[in-house]
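In the two assemblies presented below, chain A is common to both, partnered first by chain B and then by chain C.
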Partner chain A sequence: MDTALNIKDITKKYKDFTLGGIDIEIPMGFSSALIGANGAGKTTLIDIICGVTANDAGTMEYFGKYTDNDRSELRNMIGYCSSANYFPMDWNLKKVAEVMDVAFDNFDRKKFSELCDKFKLGDPSGKKQKKLMKMSDGNRMRTYLAAVLARDTSLLVLDEPASSLDPLARDLLCDMFRDYLAEKDGERTVIFSTHNIADMEFVTDHAIFMAGGKVIEKGFVEDLKEKYILVHGDASVSEKAVPYLLSSTSNKTSFEGIALAEDAEKLAALDTAIEQPTLQQLSIGILRKAEQDYEEK
Partner chain B sequence: MKIYQNSNEPIYKQIASQLREQILTGKLKSGDPLPSIRMLAQDLKISVITTMKAYEELSAEGLVTASKGKGYYVNAKDEKMIAEQHMCQLEEHLTNAIYSARIAGLDYNEVCETLRALWDIED
Partner chain C sequence: MKKNDSLPFWDAVKVYYGTSLVRIFICMFLLPVSAVLLFVTSIFLMSGGKEEALSVSSIGVILFFCSAYMFFIMDVRVNSSNLPGWKFLKTVKGGFDTYAKAAVTITAVSVLVVLLYSLIAALLYIADIVSLFNTPGACFALWISEMVLIAVIVFLRLIENTTVRLLAYSAVLFQVLLLYLLLLHTVKSMSAAVWIISAAASMLMIAVSSKVSISYYKKKIWEN
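Right, the complex of A and B next:
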């Protein structure tokens, strides 16, 4: 399997936060999710990948041949969309189309119009134009997404693209990710961050879990779902089960948690209910473990 | 193709078993290409890695072959292998039958009688 992005030992120090020793290989042709709580370092990492923020140490290799010094080539190959305001607020769809057309070699105005139509934003060449500042958060994000998806890129890097979208728009976004990947079978890659993975479950191939500026787990989703199990049980066996659980919550009736699949037999012997976790359940289990580990320190 | 998104059976297994049936019944023929993993993911509204895992399972069973950069193709019909696949299924069903027979307290001869009766009905 080819690697779209090879990140080695990337470090960035801030006064009150350190993104430390990040090693990740992003597989080419797939969609990778950065999953973590607020403040885990997802945005910092995305900004470093896109060259918006400079890293203090470490190296990055893009598509097997470029480094972070080849920004002029990478600029046209990477479609970046931040969660912060990406365009000035007094722009409208028409202005966005004009500027994107000048700024990038691969911006397709026709495709931008089609995407605006799909997102029900209006016509970028129409007479009546609404300024971004007059739009809802969701429509603003739709505008950013239409602008970035109208470019013929090899890598999409999106910071929290779903968080301000309503359920139907999230579903549409997932379709667009799959369209993007299928259009150039195996040659395109998506990286996106989210703190609510449930809506993106069926568009996530590879997951990277972050907490406290570090990567705490990573892998292909189908592999992770086989590595871990979801365990439910009656409160009476909670004490016996806990040593096998990586993280758990309990009350006077029952408990739940995640464990390694290799401990399934021992847990089953305690008359617990064992299931394959969804990505959402897995995320909660892994992030809770990070939080519990942190509190113990 | 039809999949349950909230079933206990993993989605990749549901895809693999439906494609397997199409290959074994000859609906998909030797040399036929499978849809690309990303096209199928797009159509079924699921992750690419899930369709890939389904194809890898069929590939491990020898039903399809991955051709580098060109996707997956249905293998030439290997009668022996298909017979083996059916034999596996037969054994699985009979094992279930034995299990049910034990619960119901039936002995070997009674099970054989039931099998004979069912066989005659099918004929």
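Right, the complex of A and C next:
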């Protein structure tokens, strides 16, 4: 399988945080989600990938031939959008269109107008224009997304694109991701970070879980769903089940947790119910385990 | 073959300011001028039409202050990594080259605006229409002090925190204002040679501070 991005041992040190030793391969032609709690290092990693922040060590290879030194080529190939304040706040749709047209070779004004219409933002060439500072958070994000999706790029990197969107707009965003990937089947890739895992599950092919500046799990969602199982049962059997569980929660009557699929038979013998986890359940389980490991340290 | 990843300076300005270079120039020129006109009209009306009520130094001070803050605000927009839009600007065509062009252009526009003030004042003086600056020397005092101020604005880019930069700038601004007033009263006794050397030195100051601040920005902010 071709890789869109091959990240090797990327490190970035801040005073109070270190993104350390990141090794990941992002498959080409798929949508990859970066999942992690706040402060896990998702934004730092995205900024490094897009050249917004410089890494202290490590290498990156894009599309099998470009490196971090080929920024001039990569600038046109990567469509990047930050989670907030992507454009100056005194800009409006018209100004966004004018500047994007100058700032990138592959910006399509007609497509931008169509996307603005889809996102119900209004006409970018209209006379009455609202400045970004007067828009709601959701409409601001829609503007950023319309601008970045109106470019003909090979890699889309979005930081928390769904966080300020309403459920309908999230659904529309998922469709847009699918359309973006389908337009040039196998040649385009999407990377996005999210906390809204349930809403974005439909569009997530590949997932990377991060905690404390490190990658703690990664893989295709379908593979991960086969690797892990969701276990739940009565509180009376929880003590016996705990040694097999990677992480769990319990109350007076029941417990729930995730475990490795290889322990399914042993857990089934304890009279527990076993299911295939959703990405949301998998994420909670994996991130909770990371949190428990951190607390134990 | 590599694609041309460079933007011309007028497009670099458009990307950083969201508006055209011509509009920026007009705004930077007209806003301080309109403040001076408002001041002159108010004083003129309040004094019952007495021309003597308008002193050279007060007109100069108004022009100096308004343009000083205008230059600073325009400079901050291109030279602040903590303002909205910074992440977008880091990813645009040309990258650092686009930043450097926008930064140098806005400094050049500030210099041109002062040059235009000076030329208009000189023309008004020569044509004997309105003696806004009484003597060419007074006009020259404004030119020198504004050039020093632009060099200071450029040099203060080394302070990353915008609030601290504004405070530092405000403090320096008053020192440069004193320089302007001092020059205004001593300029008559200076020879033309001193004027020319001072003008050249002030321009050199801008060039040096621009070079220092851009290389600092690249190393400490852009590539960090």
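Just so it is clear, the second predicted complex is superposed on the first by the 297 of 297 C-alpha atoms of A that agree within 3 Å, B and C clash if a C-alpha of one lies under 4 Å from a C-alpha of the other, contacts with A are read in each partner's own complex, and residues count from 1 in each chain.
Convention: contacts are C-beta pairs under 8 Å (C-beta built on N, C-alpha and C of every residue); 3 or more make two chains touch, one makes a residue touch a chain.
Not measured: the values here are computed from a predicted model.
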Between chain B (first) and chain C (second), which does A:G39 come into contact with in this model arrangement: first, second, both, or neither? neither
Is A:Y86 in contact with chain B, with chain C, with both, or with neither (first, second, both, neither)? second
Pick one for A:G138: touches chain B only (first), chain C only (second), both, or neither. neither
With the two complexes superposed on chain A, say which partner A:V52 touches: chain B (first), chain C (second), both, or neither. second
One more residue to check, A:G21. First (chain B), second (chain C), both or neither? neither
Contacts for A:F104 in the overlay, against chain B (first) and chain C (second): which applies, first, second, both or neither? second
Please indicate which partner A:D179 is in contact with in the superposed arrangement: first for chain B, second for chain C, both, or neither. first
Touching both chain C and chain B, counted on chain A across the two superposed complexes: none
Give the list of chain B residues in touch with chain A in this complex. 5, 8, 10, 12, 36-39, 41-42, 45-50, 53, 69, 71
Seen from chain A, its contact residues with chain B in the complex are 29-31, 174-175, 178-179, 181-182, 185-186, 201-206, 220-222, 225, 275-276
Report the residues of chain C in contact with chain A in the complex, numbered from low to high. 2-3, 5, 7, 11, 14-15, 18-19, 77, 83-88, 90-93, 95, 223-224
Which of the residues in chain A end up touching chain C in this complex? 47, 50-54, 71-73, 75-76, 78, 80, 82, 85-91, 95, 98-99, 102-105
